[in-house]
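Below is one structure, written out as structure tokens; comments come after it.
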Amino acid sequence: MMRGMLVNCVAYEEGRKLGDIAVEDISDYVSRPGCFVWVALFDPTEAELALMAEEFGLHELAVEDARKGNQAPKIEEYGDTLFCVMRTVEVGPPPDDELLEGQMAVFVGKNYILSVRQKTQHGFVAVRARTEHEPELLKRGSGYVLYALMDAVVDRYFPVLDGLETKLENLEVAMFKRTPSRQSVEAFYSLKQDMMTLRHAVAPLAEVTSKLFGGRVPLVCVGLQEYYRDVFDHLMRLSAEIESMREMLQTAISVSLTLISITESEITKKLAAWGALITVPTLIAGVYGMNFHNIPELDWLFGYAYAIALMFGIDVVLWLRFRKAGWV
Amino acid sequence: MMRGMLVNCVAYEEGRKLGDIAVEDISDYVSRPGCFVWVALFDPTEAELALMAEEFGLHELAVEDARKGNQAPKIEEYGDTLFCVMRTVEVGPPPDDELLEGQMAVFVGKNYILSVRQKTQHGFVAVRARTEHEPELLKRGSGYVLYALMDAVVDRYFPVLDGLETKLENLEVAMFKRTPSRQSVEAFYSLKQDMMTLRHAVAPLAEVTSKLFGGRVPLVCVGLQEYYRDVFDHLMRLSAEIESMREMLQTAISVSLTLISITESEITKKLAAWGALITVPTLIAGVYGMNFHNIPELDWLFGYAYAIALMFGIDVVLWLRFRKAGWV
Amino acid sequence: MMRGMLVNCVAYEEGRKLGDIAVEDISDYVSRPGCFVWVALFDPTEAELALMAEEFGLHELAVEDARKGNQAPKIEEYGDTLFCVMRTVEVGPPPDDELLEGQMAVFVGKNYILSVRQKTQHGFVAVRARTEHEPELLKRGSGYVLYALMDAVVDRYFPVLDGLETKLENLEVAMFKRTPSRQSVEAFYSLKQDMMTLRHAVAPLAEVTSKLFGGRVPLVCVGLQEYYRDVFDHLMRLSAEIESMREMLQTAISVSLTLISITESEITKKLAAWGALITVPTLIAGVYGMNFHNIPELDWLFGYAYAIALMFGIDVVLWLRFRKAGWV
Amino acid sequence: MMRGMLVNCVAYEEGRKLGDIAVEDISDYVSRPGCFVWVALFDPTEAELALMAEEFGLHELAVEDARKGNQAPKIEEYGDTLFCVMRTVEVGPPPDDELLEGQMAVFVGKNYILSVRQKTQHGFVAVRARTEHEPELLKRGSGYVLYALMDAVVDRYFPVLDGLETKLENLEVAMFKRTPSRQSVEAFYSLKQDMMTLRHAVAPLAEVTSKLFGGRVPLVCVGLQEYYRDVFDHLMRLSAEIESMREMLQTAISVSLTLISITESEITKKLAAWGALITVPTLIAGVYGMNFHNIPELDWLFGYAYAIALMFGIDVVLWLRFRKAGWV
Amino acid sequence: MMRGMLVNCVAYEEGRKLGDIAVEDISDYVSRPGCFVWVALFDPTEAELALMAEEFGLHELAVEDARKGNQAPKIEEYGDTLFCVMRTVEVGPPPDDELLEGQMAVFVGKNYILSVRQKTQHGFVAVRARTEHEPELLKRGSGYVLYALMDAVVDRYFPVLDGLETKLENLEVAMFKRTPSRQSVEAFYSLKQDMMTLRHAVAPLAEVTSKLFGGRVPLVCVGLQEYYRDVFDHLMRLSAEIESMREMLQTAISVSLTLISITESEITKKLAAWGALITVPTLIAGVYGMNFHNIPELDWLFGYAYAIALMFGIDVVLWLRFRKAGWV
């Protein structure tokens, strides 16, 4: 897909598709009562955006935000129109499974929708197809299309979150199975980074979405409060689960440190035990290496065997005691 | 119990039971003034839910939430009706005592109650039985039944919390008795996970319950504020105790690390002491193993005994000093 | 004191004591204008409470809370009457100084006070005595008595907090004097538990007390706002000091870990120094224990003395260097 | 300065000083229109305070708070009058530089100011002097004097905070220069304690000061909102810097632990290196101390020299490798 | 640039520049309807500021704040005029890249702007130039100029934040590549300090900026809400990213400690392995250094070779096992 693409530009009347229209005709259709225009752009050029701004009469600050592609989620009113920015989050190719961030900006007027998608892999053509099959819903106008797009963006957060949760569970199991390693610590850290990415998409969007169904509601959203509240509920559930994961991850990192300290303790004990098993016979060898003239054992017929037996005997006793204490 | 069960479908009039009714007759009874229908489903099939949605005229988004069974707790108004989702938390079979989550969704209309239970072991038949014995309370209508169901769900959180608290207390006692082990750290972690599960059931429910007795109250709850406030009080108490446990658990984990460090220190000292008791005699043995021609002790009659005595003597002195210092 | 005791049941008129009255006469006195009844129960039986509920016309949910004795602090309005639950905190017998929790529930009507004390050692007879000596204050009615009881409960938190602060100070001094031990860590932990107990008594009470003097005030509290604000101020001061202690305790625990690590470091250095003082002479002994034919020193007249001197000399030099470096 | 001192008792008219007046005449001057009385007490006796309470008609609860001297900062309205409590914080004598807490309670009536200073070293005579030189400001009455006193108290927090910040900076520099020691950890802890003391003076005062310029303002403060907002700004700045210091201190303590662990690691490596430099020659000595009959080296003319050279050679090689690896 | 500079003093009419004017003429132009004066000062002397205060009629408290140069960000209304303080943050010269703080205070009247810049390197001449090229925007008056200045200050935070993020990323990569060192810990700490500096500029400014577009808006800002909301959005984005960095940094520091502990563990194991490779042959050498008369091996022809082979053989076996276990 090349940069600067007009994905779609369609006019509707009474919930039914009239057909694809030329960009220059947009303003004509928009001004026709009962008519509704839905345009979708993907990574648009500045010129394309400028043209749209002119056709729809968009505010310069909103156009600027749509162009930049790195805005935080927000919903703003410019007079009667609504400007909504969402972050898309997609899982990149294995083995890194890096999270890729994109942006979905939506301009919502009384009878038009302009969506500007930036840096996302997956499009939202399915949303248009599903919506076109439900003319009675499409008849509700731009507010319903905004809901359908938000719902689609938010629904895509769930598999991402599930992926992160699966990663966390695997790390937890691994953590208690073997001592945490450099790799597992790095995995925790990278999981935390992914979680922060997802949180930045979800948390601010939840906050601003709440303005679409409680108290004074923007004009285009009137009568659709139950739908926006549903999107909000999904966002709250995501938020709660992210917060929960975040706390567990925090705990997992400090538990890792504790487990490493326990392992360190165990290694120390193990080493000490094996050290004793070597140094004690060395002492005995040292004793019988002394040059005293009257060391009776040296003259024994089986003195050497006795010494070796003594070494082994003491080591066996020590080893049994160490094993009982769980040191070896 | 097989999937897709209609637990109960009963009509009441003036607080008294009229009798079980057929599902198809629900809409008739609901439209009869003074009549009240209470239906309970357990793990319903999609078809059953669709039938109920039609009979009671439920909103598609609410039905969707009731069907999915993994929603966060919430209370939402759809026109005059109320939709309430609660999480049930049950202790699984030993030895794991894993916490099992279920869902209880309740649709509350002016003169009907529809409860949809998902993945829970224990039913709420007792609630119905108790309520039927108090016609004067049942006369208050659907709002009172909602209270009775909420009260039952919330009351079941207390033994779960008590179980977690007992576990924490046992872990605390164990922590100070012997040095924290890999197992105890894992137990802390799994306790934290259980606590998070319980918290996710309790905290959001507390938040939404507060809307049932203060300020503008949904129609079906009018006149029952003191009852809902009581449920809220219970939820607040649970919340406070969970928060408290959470903080103690956090502290317990960092205290564990400290205790492990102390143990590590003690082991180091112990090892050093025993190391000295071995290496010092080894040095003496080394000295008398030197090949100098004029080492007078080597010619002594009891030179060997003297050397052994020297080794033992020094070790006894060292051992006494180490013991005084608490190193052995 | 046996379970189920009626501590006191007195009628007042115009701020003056009429005398003890029989429980059955309560409802008569309560209905007499200008009259005021003050009843105090201690660990009451269910029957006693039921009798009181009947005489005073109390709400079943409030009576249930008073009976149970493990409620969180709260202040609730039931129509014109007020129901207040407070936690009492007392220091148990030495050497444990365990904190003992009790409950003080107060029903406040227009012209009656019913206090229900559970599991507390110390009574509130002094409050009654002091109040009876100030008829002009007692004339203000049940609101003033509630204030007097709250003030008494809250005043008893201060010595408990002072006790915890003294413990913390002692632990702090000890922590920097000697390396934190298992015992001191356990003491920190148990101090934290006590602090949480106190916090659970104080923090929710502060929150609910604020409703007695700002904005719309319950009827029985009208004209006494300055008194309730005073109680609130005390609770806020307690809260602030508890929060502060909590933060210092948190810091103290992590500082403990740091101090233990420092000690561990010092021990390691000390051991290494003493290890060197043993192994270096051992090496020298080893060298002169070699069996080469031409080791000139072996033939020296004072070869042995020279070797011993060499060992000592090197050890003295090492010891001086280690001491300079602070390792021994 | 002896306990129970009347620092000053002066009457003003139209912003100009009338002169010192006797305590008994206070109520006369206060009731004279256009007149204004400013009294300053230092560590007053109960009798003095009781006299003032009578002359000015003060509320018993406020007088009690002024007497006790350990109240939290607060601003309370008693009818038309205002009661303000502030904490003074002063740096004690070196070398401890301990922070000393005092209290400044101010009673503000329509035409009087009564300040009660407790346990503070430095007085507020300069405030009076400066104010008397600006009759046009003094004419604004008691609200302006309250501002002047608050401003003076708050201004004295800044050098205290600067002192703590300097201490923190010194500790930070020291922390990265040499490994944190027991002393530096103790210094961090004591700095934290000082910070908490200052925070307890600043944070609650900021909170209550905000009530003097926004929304409904107490009568005596009307027309002076910009001045109180200025005091509030200073308190907010102090608060922000204290919070910042607190976070850095927290980080510094955990960084300390990390640095100690790094040092521990380095020491371990250093010891291991030196240990190897001793034990390897010991092994060689051991080999040539074996009693085999056919060890050719033993018969070499320069066998001994060769052995010593071998020991040194291996040690030099090891030492160079260890130095390259940064272990020695 | 010398201290106390008047950067610019220009009068505008109908969005067009009239020309530079003398300071004494300011008050004349300000009082002329349709006229607009824009003055920029850099590190002004007290005299200059006093002159401006007189010409524009500024409030003494605001002038004091502008003079001091160390205020926290704030926006205050003084009657119809607005006083805005912002912190500038600039990156100092390499290699330290220290963050340098400055202050930008702006007085905004109905038809004047006075900006007072303190301790900043880069001026805001470009803002004036750009604004002068858009007469239709400049016509909107002082509110638009305030927006342009705020936008310029806020835009300069982004490269600073990017710099900090790059530093954090480099530290993260380094952390997992090699074990965290003293230097990397110091870098984390200094990064945290920089982050706090930036946060102190951003967070309070975001808070106060929200008052310029929601609810009651100051007179000079009316009609420009969308612009101020844009500035606010940028500040919120900065805030969110700073918070995120702060949390990652916190995690990175505790992960560092964990990594160090892992390294410590690995070193311990490595040392133990090499220790065994030395002490085991030493034991063998000790055994054959014993002086028993009947040690058959001593008489073997290749006894010495056998002993050496035994030593090597055992070491090879041990080494292979250690390598398999990942200890060497």
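The first chain written gets the first letter, and so on, giving A, B, C, D and E; residue counts start at 1 in each chain.
Just so it is clear, a residue touches a chain if its C-beta (ideal position, glycine included) is under 8 Å from a C-beta of that chain, and two chains touch if they have at least 3 such contacts.
These figures come from a predicted structure and were not determined experimentally.
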| item | value |
| --- | --- |
| Chain E and chain B - chains in contact with each | A |
| Given chain A and chain D, the chains that contact each of them | E |
| Rotation angle superposing chain B onto its copy chain D by C-alpha atoms, nearest 5 degrees | 145 |
| Between chain A and chain B, centroid-to-centroid distance (C-alpha), Å | 26 |
| Mean-CA-position distance for chain E and chain C (Å) | 41 |
| Residues of chain E engaged with two or more neighbouring chains | 254, 257, 261, 264, 268, 275, 279, 282, 286, 289-291, 295 |
| Chain contact graph, described as a line, ring, star, complete graph or other shape | ring |
| Successive chains around the closed ring, taking chain B as origin and chain C next | B, C, D, E, A |
| Parts of chain E lying in touch with chain A, wherever the complex brings them together | 172, 176, 226-227, 229-230, 233, 236-237, 240, 244, 247-248, 251-252, 254-255, 257-259, 261-262, 264-265, 268-269, 272, 275-276, 279-280, 282-283, 286-287, 289-296 |
| Complex interface listing, chain B residues touching chain A | 59, 61, 65, 71-72, 74, 76, 78, 179-182, 185-186, 188-189, 192-193, 196, 200, 204, 250, 253-254, 256-257, 260-261, 263-264, 267-268, 271, 274-275, 278-279, 281-282, 285-286, 288-291, 295, 297-304, 307-308, 311 |
